[in-house]
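Multiple structures follow.
Next come two complexes built around subunit A: one with subunit B, the other with subunit C.
Let's turn to the complex of A and B:
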């Protein structure tokens, strides 16, 4: 069997696998790839564990179906800003605000490439501070899909959510007279049958991969759960358990 | 036609003529002070209205990154003062410590006034206040500190108004019950206000259990200072000298203020040490902004000098009897405390959220200086306080104390 055919095999799942068999398989994998880190053998979900910065219910199962998330392949971003333009056009974002942005980091002492770009957006956190602090529940975690949504009618404009967000993902929209933020294009695309967010669709380098973390065959799920790949989230110390992951390569 | 007596054995007509006489019997300087305060308040109201109608983004200097400006810090300043007044006055008329009893009426009145001033300022900061009135009630979020804070302060205001009314109607038992509820409400609201900042894991400068405890300690200090300031002012206004029981009350206030300053100084020292030790990322940047950055004058001159060190020296030198020194000390403190709140609110946000990422957009502190309209609204809060204080002194005839017992 060639390696290519592996993809076509039916996934039998690992739930029914005896412990010993699974352990032997992992040992074999580690022996081949030589993946050991500081004396700790990486678990299958290691990237997720490290990314979420704590263990918990979010590891074993994703609480939403679908559980939308995004993977940013940081080294692919060239700051062309097509994602920003697509986002603004799709979601009617005014010129004074933005739902997504691209940060620039310069490392003058680095070998070779010294500049990199970091796309940022709402992380649709599993423990969103913005949702906790909103006095009127104008912002909430959608039970259907885990998206952190806004109900503009209820927003009183106290801006506590804006201050509580560790990702600067919110701004006050003067036209809506409410705080506005990324909703993974739920209103503009997903709820109308679309499969991708505008930013992910517009990115010419596929730096942004949008997907459903609850599905094993989803590209975002597969990358995040890949042994050996370094995956991280921004500001894990804020403890919000984000659903936007970053990687290189 | 016989008229019903409506309050303390007086008919409505008698009450009206009494109040008119009291207002008419004032000196020119009183009217001038009232006029100035009223004009400042009106200017503040106009500024707030203009910004709310025209758009905060046009008239205020706050930004997406630095969301809360001087209006929030002024709100905190006023409501923490209210909590302090409520707490210090409760020592006497709720918990029965005799020397604090004469302060009760004016303290409760000032607690109401400062809370109103806080609400006045924040009403110009909330962007859609109409929605707030509806959805705070029909869609409450019980995990939100700001919801608890607003609701509890609202309840405390109502209860304190009742308490004040009962004090004047000489229904002391009811007044004590209301006072007790008000203290609990104010303390809970105050610590929730601190929780708004302290519970944000993403903001190193604020995060932790420190702020709620600090807020209560500094409320006590503020309450004592404000009581000294307004009592001395009130007696000067009326051209009377304090009797022995009031002098004793001032002495007790002075002691509470000294204790409060010591506790807050202790907190401040350890907070700064904690922010500096090990140079913890964004928190360190914030601490350095205070120590030798753009907020150094605010910190050293106003927060440390005017709010803590000078009043401490003056209060100690006054021995609790020299009213002039105590008045100057409390006045300095009232100015200094304004900057203490400002520093806490602004510097905490001035550290960009992506600072630890080392990106170009988040290398240094976010700049902020209040706009003219923000300053006007802030002054409006002080104007309102002054106005209501002056009116209160005349309408309630110097908040004279009845010899009630508990």
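Let's turn to the complex of A and C:
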């Protein structure tokens, strides 16, 4: 039950990127350094200081307070799956379901490290497709923190959200008779005073950094906005403005 | 309970004799560690046949001959490797790449471990 598949990812060059997409990313405060797999994964580096040194525009990118997000340090993941186990235990995820998963990419022709593991989860998008399509508003964007929440009582199990989510982050929970998904451990941890998601707390490699993008001194914010660092998101072409970022090193 | 012991004994026999049955070689084959995290591959083929190391290079002090000995110890950790123990004796950044870099060269993960046990197939993509 893998969430996403990435076949033969390769850098396809930024020349092929539509101008509009390039401009949108600049608006978000990123310069584009490379496109992977036909734009499925887009590498961006922070150009925030250059484009938005003191602009109010930019602040609007993080409309929530706190504005939760996650940084995945992709080259550190070793697929030990402690995050998955911790998530399942904390959130009572059944064996047939998942709230987070680890993808594997193997490049036998690569120099050096030929294998890479890619943790994936709900991206808590700023423009969530799931929320847009849900007929009963069972899934919604929480105004307090930007988390994409589920209200299982309202869910009628139509699975429209599952179809709409570009990250395949949703599964149907037969016990709840409702769709279930990552809520950044809001119910199980954050709302009870916890500071970290179960997966971030369990990771022995610090591959998952959880934070509040609205704060300048936040570890995720700082990496995402670090000049010269390559940071990317998965499937930017879906236009959902995800809040899960990826980097290496 | 009796079934448990039979399984345990079969398991132990396979564990000790497994690599010997599988291939006719004079080294330990592939070791798939599962402690302290699941899925680290040590290849005797690579280290002995391709890199030409002697048994003594590691089995003199760093690792006992018996598989599972290092794993049972509390100090079989990345921290200890960084201090020059176990794999870290060579993987120090000068003799061989540092144990603090290129994680997934050795870490095959839960997926790699399950593949080794035949529980899942090789990844469909990128297979050459």
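By our rule, the second predicted complex is superposed on the first by the 189 of 249 C-alpha atoms of A that agree within 3 Å, B and C clash if a C-alpha of one lies under 4 Å from a C-alpha of the other, contacts with A are read in each partner's own complex, and residues count from 1 in each chain.
Here, a residue touches a chain if its C-beta (ideal position, glycine included) is under 8 Å from a C-beta of that chain, and two chains touch if they have at least 3 such contacts.
These numbers come from a predicted model, not from an experiment.
Novice: Is the arrangement of subunit B and subunit C around the shared subunit A a clash or a fit after superposition?
Specialist: After superposition on subunit A, subunit B vs subunit C: fit, no clash.
Novice: Let me test your reading of the model: by the given contact rule, A:191 touches which partner, first (subunit B), second (subunit C), both or neither?
Specialist: neither
Novice: Does the superposition put A:81 against subunit B (first), subunit C (second), both, or neither?
Specialist: Touch status of A:81: second partner only.
Novice: Identify the partner contact of A:132: answer first if only subunit B is touched, second if only subunit C is, both if each is, neither if none is.
Specialist: Only subunit B; A:132 stays clear of subunit C.
Novice: Would you check which partner chain A:106 touches, where first means subunit B only, second means subunit C only, and both and neither mean what they say?
Specialist: both
Novice: Please work out whether A:164 is in contact with subunit B alone, subunit C alone, both, or neither, and reply first, second, both or neither.
Specialist: first
Novice: Once the two complexes are aligned on chain A, which partner has more residues of subunit A within touching range, subunit B or subunit C?
Specialist: Higher number of touched subunit A residues: B.
Novice: Name the contact category of A:216: first (subunit B only), second (subunit C only), both, or neither.
Specialist: A:216: touches no partner chain.
Novice: Answer with first, second, both or neither: which of subunit B and subunit C does A:155 touch in the superposed model?
Specialist: first
Novice: Tell me the contact category for A:237 with respect to subunit B and subunit C: first, second, both or neither.
Specialist: First partner only.
Novice: Just to be sure I read the superposition right, which of the two partners does A:96 touch: subunit B = first, subunit C = second, or both, or neither?
Specialist: Touch partner of A:96: subunit B, not subunit C.
Novice: Using only CA atoms and the superposition described at the top, report the least gap between subunit B and subunit C in Å.
Specialist: 5
Novice: Using the superposition on chain A as set up above, list the residues of subunit A that contact both subunit B and subunit C.
Specialist: Touching subunit B and subunit C on subunit A: residues 104-106.
Novice: Spell out the residues on subunit C that touch subunit A in their complex, using ranges where they run on.
Specialist: Residues of subunit C touching subunit A: 36-39, 102-105, 107-112, 123, 125-128.
Novice: Which stretch or stretches of subunit A touch subunit C in the complex?
Specialist: These residues of subunit A touch subunit C: 5-8, 75-82, 102, 104-109, 112-117, 204-205.
Novice: Give every residue of subunit B touching subunit A within the complex, in rising order.
Specialist: For subunit B paired with subunit A, touching residues are 55-57, 64-65, 67-68, 126-129, 131-132, 135-136, 139-141, 143-147, 150, 196, 200-203, 349, 352-354, 356-362.
Novice: Show which residues of subunit A lie in contact with subunit B when the two form their complex.
Specialist: My answer: residues 96-97, 103-106, 118, 120, 129, 132-138, 153-160, 162-168, 170-172, 174, 177-178, 234-235, 237-240.
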